[in-house]
Structures are given as structure tokens and as C-alpha cells.
Amino acid sequence: MIRVGIIGATGYAGIELVRLLTQHPQVELAHLVSHSYVGQDVAGIYKNFKGILAKDLEDMDLDVLAGECDVVFTSLPHATSSEVIPKLVAAGVKVIDLSADYRYNSAAVYEAWYGVPHPDPALLAQSVYGLPELHRDEIKGAQLVGNPGCYTTCSILGLYPLLQAGLVSPENIIVDAKSGVTGAGRNPSANTHFCEVDESMKAYNVARHRHTSEIEQELSLAAGQEVLISFTPHLIPMKRGILSTMYANLTGAYSHADLMAAYEKAYGDESFIVLHEEGSLPEVKFVNGSNYCHIGFVVDQRLKRVVVVSAIDNLVKGAAGQAVQNMNLLFGLPENTALSAPGWYL
Amino acid sequence: MIRVGIIGATGYAGIELVRLLTQHPQVELAHLVSHSYVGQDVAGIYKNFKGILAKDLEDMDLDVLAGECDVVFTSLPHATSSEVIPKLVAAGVKVIDLSADYRYNSAAVYEAWYGVPHPDPALLAQSVYGLPELHRDEIKGAQLVGNPGCYTTCSILGLYPLLQAGLVSPENIIVDAKSGVTGAGRNPSANTHFCEVDESMKAYNVARHRHTSEIEQELSLAAGQEVLISFTPHLIPMKRGILSTMYANLTGAYSHADLMAAYEKAYGDESFIVLHEEGSLPEVKFVNGSNYCHIGFVVDQRLKRVVVVSAIDNLVKGAAGQAVQNMNLLFGLPENTALSAPGWYL
Amino acid sequence: MIRVGIIGATGYAGIELVRLLTQHPQVELAHLVSHSYVGQDVAGIYKNFKGILAKDLEDMDLDVLAGECDVVFTSLPHATSSEVIPKLVAAGVKVIDLSADYRYNSAAVYEAWYGVPHPDPALLAQSVYGLPELHRDEIKGAQLVGNPGCYTTCSILGLYPLLQAGLVSPENIIVDAKSGVTGAGRNPSANTHFCEVDESMKAYNVARHRHTSEIEQELSLAAGQEVLISFTPHLIPMKRGILSTMYANLTGAYSHADLMAAYEKAYGDESFIVLHEEGSLPEVKFVNGSNYCHIGFVVDQRLKRVVVVSAIDNLVKGAAGQAVQNMNLLFGLPENTALSAPGWYL
Amino acid sequence: MIRVGIIGATGYAGIELVRLLTQHPQVELAHLVSHSYVGQDVAGIYKNFKGILAKDLEDMDLDVLAGECDVVFTSLPHATSSEVIPKLVAAGVKVIDLSADYRYNSAAVYEAWYGVPHPDPALLAQSVYGLPELHRDEIKGAQLVGNPGCYTTCSILGLYPLLQAGLVSPENIIVDAKSGVTGAGRNPSANTHFCEVDESMKAYNVARHRHTSEIEQELSLAAGQEVLISFTPHLIPMKRGILSTMYANLTGAYSHADLMAAYEKAYGDESFIVLHEEGSLPEVKFVNGSNYCHIGFVVDQRLKRVVVVSAIDNLVKGAAGQAVQNMNLLFGLPENTALSAPGWYL
């Protein structure tokens, strides 16, 4: 059994990890750390676990975690993660970090978008970006995985094959993304109040959302040149799910089949990528509750442009599910262990 | 492997059966019958199954079903079920019926509430009411199970122990129940149009909803005398879930602990009943997606009355999940096989 | 022009007052008081007023309010209202209070349900309960109106005529009420977080919600004897609206027409009461955005019981609209001035 | 009094016209035509009008409408409108058509996007495109107004000033639009079923939605050259509202103030355009229920691109409200008569 610790277990990503891992046949939930609820039973906070899981929440003790866990998931605010993780890494524990602190290839990019110098560039250099469809081999050998952001996972997976194959121009790429409210986290605020969210929607952090930089990093790798994108996140009155609508100019007179060939080449064997045939497009209900990423696209011959639509569950493939997928890779398990359930649809 | 057939596989209860059974380790989905989509892949209708399940939908052929299935789930309108089931039963197949046709102990009660004579009283007499918490032993030996209604499961489980123990009066019982819209089924109508449902709610079929008779049948058994109830269903702007709020007059000066003792006696070993301690009450998000029934209550000493609140997912414990639970009993499997996942909460 | 002051203008009831009063032909919004946003433009907080209303929010100055307003609406927490209102009343200003502080005939009842002695029993004795359909004449001559609660308005209006006419027993009355989330106010909390509310519902404050006492006060007046009720509020995933489902035992073999006669006698000339004919029942979408109260009922001859359903918009007839209705009465205006718009339905 | 007829009064746009016009001081609702509900009271279908409007729905009789109405609103499917309108126009009645049939300057464009030859090019040539902010003077003198589509109103108003002023390039314009479900109309279908829509979202009609052509027509006029756009509509789980997020490349190093100057020049005196200052952006709740169009934008200096966000209520400024605005213009009334209410926010 893999002994698992979760730091930040009562946040929305943390509790989704608990939900998924209670169904994992090779996991023991050894330590659940929650600053706010020390000493309380997790099933008293999230009562869906009544009768299923009885486990007291603990204060963070890195020595205990290092001594009694094989892997620790850290779900902390950025810049807080990097205060904790170096000690765990030094103690030889594997770490999967759900914050932004270990997602970057360049400390300078981190500083540009987060407004502070990266706290630990040396460890950053050792960390691996935890998007298995792009970096599976590095992940397998890593000790520290920077688990990607939700918007970023959805957007990168949608565009990567087209840039890699040179079928679209790196200029004028637009990513218009829409997210459910769990993406804003558990902390109550005017932004998450039911009466401010329901029957409404909005764009936010336009031209300055930090996930922009993560998307650009990976798409630039794909294209072999710098890719800069317009990224606009929107808040939608639903709990889970992200839909990214992406626009890119074709570099030639390509058909749907031409583009599909690039997707199939990139994703042919992937467990969690579902490609939609021509005439079909992803919807959020297809993926909610699941670790799948659905991708579809329309070639607009009139404008020589492709419109790509991708969908994930932000809490699963966009956070906790991808983290479990990374854990499976780290421990040599089948990659879809505990992750094979279909989306809920209803 | 248990070879399973589902008649009505693309209705909401039917597709929920598919969702649950794709995760069942001892089930082979042998035949999926759908009148509307013969010859189409189920994953083309419910695209959450893309990449997970490829299975063509078939027209109904009772000979094939009888010959190639160990158990058939029938999810058909009432009165239609009873045209199909006798042939399957005669052929020796086990049948779990999600319609109302085989839920009653008395053909006369059926006729009184459904307005037509029962089509097959002899088979009705052999069928077993599929609420495992009350009729587990009969279910194990049954060939035909009448799977209970959604409102009825939620309401009976909430009140049964109190009537059985004589702690509440059979007079003046009120069941005020609230359901999500999946309970209205997949057929589009003004009643299920998003713009007619969202930001609104309503009571319907007041004093004449057919589930009244099912609840009264089981509560009368519990009380050992006739119990008549006021039952009011409401439509709530959510997809899944039922919350029943029930009012009964205490027969003595009982405390919360007195009533809890009755619940614990009735449900002590049950896998899917979760009792809430004093001060805590069920909410729909605790059970959605799961087969659990949560029950809590408040003793109103001022009025000598108890208010019981119970919650289930109408598609799971109220339909497909309970049907799988019954299948597990019919085939001697652990009762919670494929049913142990917690509610989604988010 | 009536010079109006609003204390608590940026709470949900306060801003609904602003919304309604911007359409009132005889009102000048003289002072908007908001503790949290002093010095900011109201249209910067509630941006639906951009281009419509430019008005700075002010700190509370009772001398200014007393000197420059003809009427002040107070939308403050209970026990806070009663620190402010005596000074305004002493200065001769008319006051419509949306808190619970001046709704009671008896200081003892207030103390029993609010847990503190009433801070000003003398002024309480002068105040009038602001439900125009029951107390119109007293309101017209009042200086201080205690504007009723939302649940209470909906429930009292639904049951009053039947108790007054002696058609139902005062025993065993059940009020099962369901509210949208605006009823919980603007303050963000776990209770109002979109992800905790959407796709879920719950009962709360069972057997101890304070509105119980207000309903009992008015129904006891109607019945001419003490009426005690079970009152259960529920939180529903919608922004606005209350639906009350109420159960009462008939005192005789009455028909729908018999009961309708009592309603028509009680409400024949009322502007804001809409009675549904047999076979029709209120829904929240009929009243949302409006000051109307819809009432319908089903006579259950099987059980000798009536089920009454009433619906209001909790922010309008349950708070701000009723307050404007009271203001119209206080100033001799047509009662429906600025209140005649139909519900939104969509 | 203006005698008004509405053909298609029980569709969502039609009933919104009824809602707005019951508050219009100079309108008499003379004839409400509804194919489906002939002889029934409108308040029996839309029960929000109970106690407010009693008016029987009629079959369509063009002679009666022509003889007894000063203006007729036609809310019919495209190609059906053009069977009816010529007779009304010939009879001298003013007509405001909410279908697509009279929105185009070119019959060829209509044919290209609607797949049928325009049925009446001569009358098309006389009709005026009913977007008052762009064509006010022509509307005033028109007999037939082609009321714009919902997506088109929102998108054109957001981009027009920038193209007119030459601040953005006509190349590479992206319009990513999101709509509530009322935009899909009242007819129940899988697309509008609550359980298919709630907690989900999707893109649809990508690269081929007909509103594309309407937007291109007006933006080309603004730019003085052909403008072709990518237009992607999305369905969002809300009843009302459209948010358009639009991307255009700047033609120079312009600041927010430079662009704002163009908007102010274009819309300085407009009643229904609300411009957001730098740092603020429209949200759907600001406009729902109202005839206002909110516009805001972010200049992305990094990419030399502007992101414009505009919001309207699709049923009001996107349909019925704009139609009333046009009626006010046709009859020389203040343009905002019956249209000055703020958005609901809650």
C-alpha cells in the first residue's frame, strides 16, 4: 500500500483527492492535514464521507509526514508550497504539488507573472511539469511533480498537437476559457456567493491571468518557438468543469482529417484523451466527475482558421485526478488506476 | 460474469444503470435495448461513454434477452413493463423492474392509484418489493423484484423505524418531499425546460401522487395498522437528489436518544443507511452520485412532534443503484459491490 | 416628493429598496447609508445602476437623516435596529423597520425567541405590524412599522383566512417553507457559497427558526386562540422566492369552493393577492421580481385535510416591496405605486 | 394610445414584449396572436399575469390586425415572417419584425446563410435594420423594422466604435459569445432540458451560426471595408443574458483612453449604452431584465490587442426591449419609455 499524505485536505482540490483515493485499491490515506479543522473528523466537515471514511484532520508536522508517507500531495497557496516542499523532498518523500510553485522551466517567468522572485530555483530546476500526455517519461523518474493548473491542462491539451505539427500559426492564438466556480476555491467571498454567481457570468483577470504563462511555456515547447496567447478566463454558474474555445490560423489549406491525423499521432494511445469526430464537440457534462479530456474542432474554411474546443473537470483532470494519475506513474501503477470512471453526464 | 440486459437503456434510470455497471467487476453488459436509438452506439447518445464503452443499442427481442442474459433490468413505463416481464420470468430469467407494476401487495391498491386493473395479479403475488433494508431475505430468493420508487425509498426509510417501534402516531403524518428534475425523466416538456425550472420551484400532484400508495403500503406494514399520509412532491432546480421532510406526532415524551435507538435497532448493520447525530441533518450534496440514504431528525419538545429529514440520490438509491443492490442480493454478491463510492458533494 | 433615507442600503433588502424606489414617481432617494462603503457611489457596488443612479453612500448620521428625510427604511440586524430607531421616531420621522425588533405584540415572545430582553418595550407597543392585508388601517396611522419577515408574510397570508373562518383546526398545522438564497443575505459564508448550494438543498433551524413566533402571533389573532405550528425552512438553489406548503386539518366536510369563499372574503379587494382556481397552484417564477403573493390549495377529501401553497418573492413582498407598500400607505398614495409590475417568469 | 398587436405572443420574445408593454403608458395591447393557445387567456399560460392582464389569445387574422393596430410586432420563425408581413405593410401598418427576414442589406447574403432565396427582396430593400444606436434616423421614418438578433446586438455594439475609428484591424477579429437558454426559445427539446443544460455548457453552430452574417454586415459598414469574423456561440446554464468576449488587433500603440474616446464619441448621448471605466467589466447580472448594453475593455499592451466585453439581456435589448425602443422611435416617444428600469442584479 502507498501511504499518502495530503496537505490542504479540506480545500476543494484536497477533498477531491480524498474522494478519488478512497476508491484507490493501493492507497492508504495516512495523514490528512488541514490547518482549519485540526482534530476534527473529515466526515464531519464533508459529510458525504459519513459511514465511509473516519479520519481525523491533523496539524502539519513535516517530520511525521516525511516519516510515515510515501507520497505527499500539497494543496497550498503558491509561495506557501515552496516553504514546505523542500523539507519533504530532502527527506526523500515524493511530492506532487498542486500549487504553481513548481510548474515553470524558468524562474524568471514565475517572477514576471507572480510578482515575487522564485523562492527556490534549484529545486524548481529538478521538478517536472506533471502533464503526463506531454511529459510522461520525466514524471516517472521525478521526485517532485508540479501538477498543472486547470485552465492550462485543458488549453494545452487542445492546442499542443496542432502547434507541434505546424498546422497552425503561433500568431493570433486566442484561448477563451470558461470555468465552474469550484475553480475559485472553497473560501467564501462575493465572487463565490450563490446570488452573485447564479444567472450571471463574467470575464476576469483579462490579459493578466497567471495561467497564461503556463500555457505559453508548453505551447512554445510544442511549436519550437515562442508562442504568446490571449487568454481570457470566465466564471460560469456551474460547480465543475472547464470548456476552452481556442482559435488559431491554419498555416495551409488543411482539412478536418489533416488536423485529426495530428491529434491521433499525438494522443493515439492516451487513456484519458477522447477525440470527437467531425460534427461532434465536447460538452462539460461529458467529463464532469472524470479524468477525461474531450477534444473536438471545426475547420473554418471560409476564414482559414480552426476552432478547437476542449473540456475537462477542473477538479479531476484539472487538479486531483491528474495528481493521482501522476502518483500512479511515480509508483509504476497502471496510469488509470482509480481514474477509469466515466463522466456523470447527469 | 453476470450477463446483464437493460430494457430502456437510454432513459435516465437506464443510463445510470449503465454508468454503475461499467464499474461492476462481475457484470458483462450483454444487451442494451432502446426503442429510440436502435443500431446506434450508446456512446454516441451519452458521450460521457466515449472511449469507455462501445455498445450498439438494440431493438427489444425477448428471446435473445431470455437466452443470453442472467438478469434483465426493465425501465419502461408502468403497464408496459407488465407486457414484457411475464415472458422473461417464464423463461427463467431474473428480472428487476423499475416501473410500478410489481411493487404492490394488493392488485386493488394498484388499480385504485393507477386507474387500471392490474394486468397480471398472479405474477404480482410472486414479486418481491425491492427495498433491501426491509425485505432482504425475500429478495434473495426472488425471481422478480419490483424496484421501489424514488420518493418512496427516501420516505419509507426515514419513517419506518419510528412506526415499527410505536414511537410516533400513525395519524397526521406529513411527507413533504422535494426532488431534482431527473425524476421527471428524459422526455423534453415544458415541465423540464431549463427556463421553466431554473430559479423557480413548485408543488405538483398534490394529494394524488401515486407514490403515496407505495409509502402507505410499507408504513402500514411497519405500524401493524393502516397508515395514511399526506404526500406532497415538489420540483426543485437541481438535477439529482430527493430530500424528504416528514412530520409525525410522538406517542410519548421521547428524547432524541430514544428515537435514535429505534433507528439503530432497525438499521444497525445496513451498508447504505447513514444516521446523523443530534444537531446534524442530511443535505442532498452528501448523497448525490451515491447509493447512500442519509437520515436525521429533530425532536420538537414544544409540540411533541418529530421532524425527520432523509436524503437520497433519486437516480441511484432511488432507482439504478438500488436495482444494482438488488442484483447483488439475487446473485449472492457483497451487497455494496460497485456501490461503495461516496457522494460527490461538489 | 417624499424624501427617503435607507440605512443598510447595500444589503440585499436595502438594494432591492433602491431598485424599486428608482421607479417610484414620488420618491427622492435623499440618503443611502452603508457602513461598508462610505463615500463610494452605489453604482460602483451594484453596477446595474450605472447610468441610472449616481449617489454616494454615507455613514449613518441620525441628525441628518432626521432632518432631511420624511421616512427612513432601516435594514439592520435585529437588536441593532432598536439602537437607532428610537432617535428617529423621537425626531418625528416615519420609520419602516425591516428587522425583527418591532414586529411583536409581546416583548416576552421576542425574548423567548431572540434570547435577549426586548430593548424598548414602550416603543414596541406603539409599533404596527406591517402586513397591509391584515393591518392596513393601523399602518396608515402609524409612525413606526415593523415590516414582516419573508417566510412569515408568505405563510400568514396563506393560512389566515382559513383560521379566521374556522375552516381548519389550529392543531397539527405544518408549514414547510422553501426559500432562495437571497434570504440568507449578502454576507459570504459556507452557507451561501455557490458550490455548497447549487445542486443541493437542506432544511435548517428546524423547530427553532424565529419566524415561527411571528407566524404564530398572527395566526393566533386570526383563530382567536393560541395557534402553535411546526415551521421548517429549507434552502433551495435559486436566488429569489419562497414557496410555503402548508397542511391543516379541516374542521368539517368542506369543498374547494367553501375554502375559496373564505379566501375571497378575506382578500377580495387586495391588489397583491392572487388566488389560483382549483387545479392550479403557485410557482415561484410567477411572483419573482413582483410584490404579488399567489395562493392556491388542494382539498384532500381522503384525509380531510387542506394543502395550501403560497409563493412570494422574498426580497419584494417578503421585504422591500412590502416596505414600499407600507410607505405608500403611510403617505396616502395608491398602495400599488411602483409595485404593479408583473413577476418575471423568465 | 398606440394599439399594438403581437404575433407569436406566447413565445419567449413575445411574452417579454407583453411584460414590457403592460408597463408602457401609451400602449394598448389590442391583439395577442398565438397559434397554440387560441381562445385561452394569456394569464392562464403565463401565470405571472394573473390579476394583471386578462386577454384572450387569438388566431391570426391579418385583416383584423391591419384594421385595429397601429403597429404589429411579429415574432415568427424566419421565412414565416415574410409570408405575413407584406400584407400588413401593404395595409399601412407599421411592423417590427423579430425574425431574420428583414435584417439584411443584401438578399444574396440572406440566401448564403439561410439556404433559401429571400422571399421578398423588394420589401427587404425598404426595411431598416433596427439597431437605434447605429440607424436611429432611418428607423424614425421606417414602416418596417428588422429587429436585430440577440448575439448581433451585443457584438456589434461592442466592436462598432473601434472599427469605425480605425483603431483595430478588420483582420483576425474573434467574437466568442455566451448566451442563456431563453435564446433557444420555448420549444422543449434535448437542448433545453434542465438536466442536459444545468452544470454543463457547450459551443454550438461553430463557424456557421447565422448571426455571423448580421454582425459582418454592420461591422463592414463601420469599417468601410469587408470584415469577416469568427463567431462562436455557447449555451450557458442561465435563463437570460449574453456576454460577448471579442478580440481585435490594435492598429497602433493605443491606450485605454484612446479607445474610450472612440466609444464616447460613438455613444456619448445614448440612453442604453453604459461604458465601464478602466478596471471594470460588464457582467450579465448588471443588465438582466433591462434594456441596457454594458461595454468594457482591456488593452493588452503585451500583444497589441484589445479584449472587449459586452453584455445584454437577450430577451430585452436582444429582442423585446429593442423592439419597444424601435416602437418608441416610430411613434415619436421618448426612446426610453417603459425601458428605464435597471437590471435586476439579484
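Should a chain be cited, it is by its letter among A, B, C and D, assigned in written order, with residues numbered from 1 in that chain.
The rule is short, and it goes like this: a residue touches a chain if its C-beta (ideal position, glycine included) is under 8 Å from a C-beta of that chain, and two chains touch if they have at least 3 such contacts.
These are the chains along with the protein names UniProt gives them: A, B, C, D = N-acetyl-gamma-glutamyl-phosphate reductase.
Values in this document were obtained by computation on a predicted structure and should not be read as measured data.
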If you average the CA coordinates per chain, which chain's centre is most distant from that of chain C? A
Based only on mean CA positions, could you tell me how far chain A sits from chain D in angstrom? 39
Whole-Å gap between the CA centroids of chain A and chain C: 46
So, in whole Å, the Cα centroid of chain A is separated from that of chain B by 36
Which residues of chain A are in contact with two or more other chains? 12, 182, 195, 198-199, 237-240, 283, 285, 346
Does the chain-touch network form a line, ring, star, complete graph or other? complete
Contacts from chain D onto chain C in the complex sit at residues 12, 15-16, 19, 22-23, 46-53, 182, 198-199, 239-240, 274, 276, 280, 283, 285-287, 289-290, 292, 294, 315, 340-346
Chain B partner, complex, touching residues on chain C are 172, 174, 176, 178, 180, 195-196, 198-204, 206-207, 228, 230, 232, 234, 236-241, 243, 245, 247, 249, 281-285, 288, 298-300, 302-303, 305, 307, 309, 346
Of all residues in chain C, those that touch chain A in their complex: 12, 181-182, 186, 188-190, 192-195, 197-199, 237-239
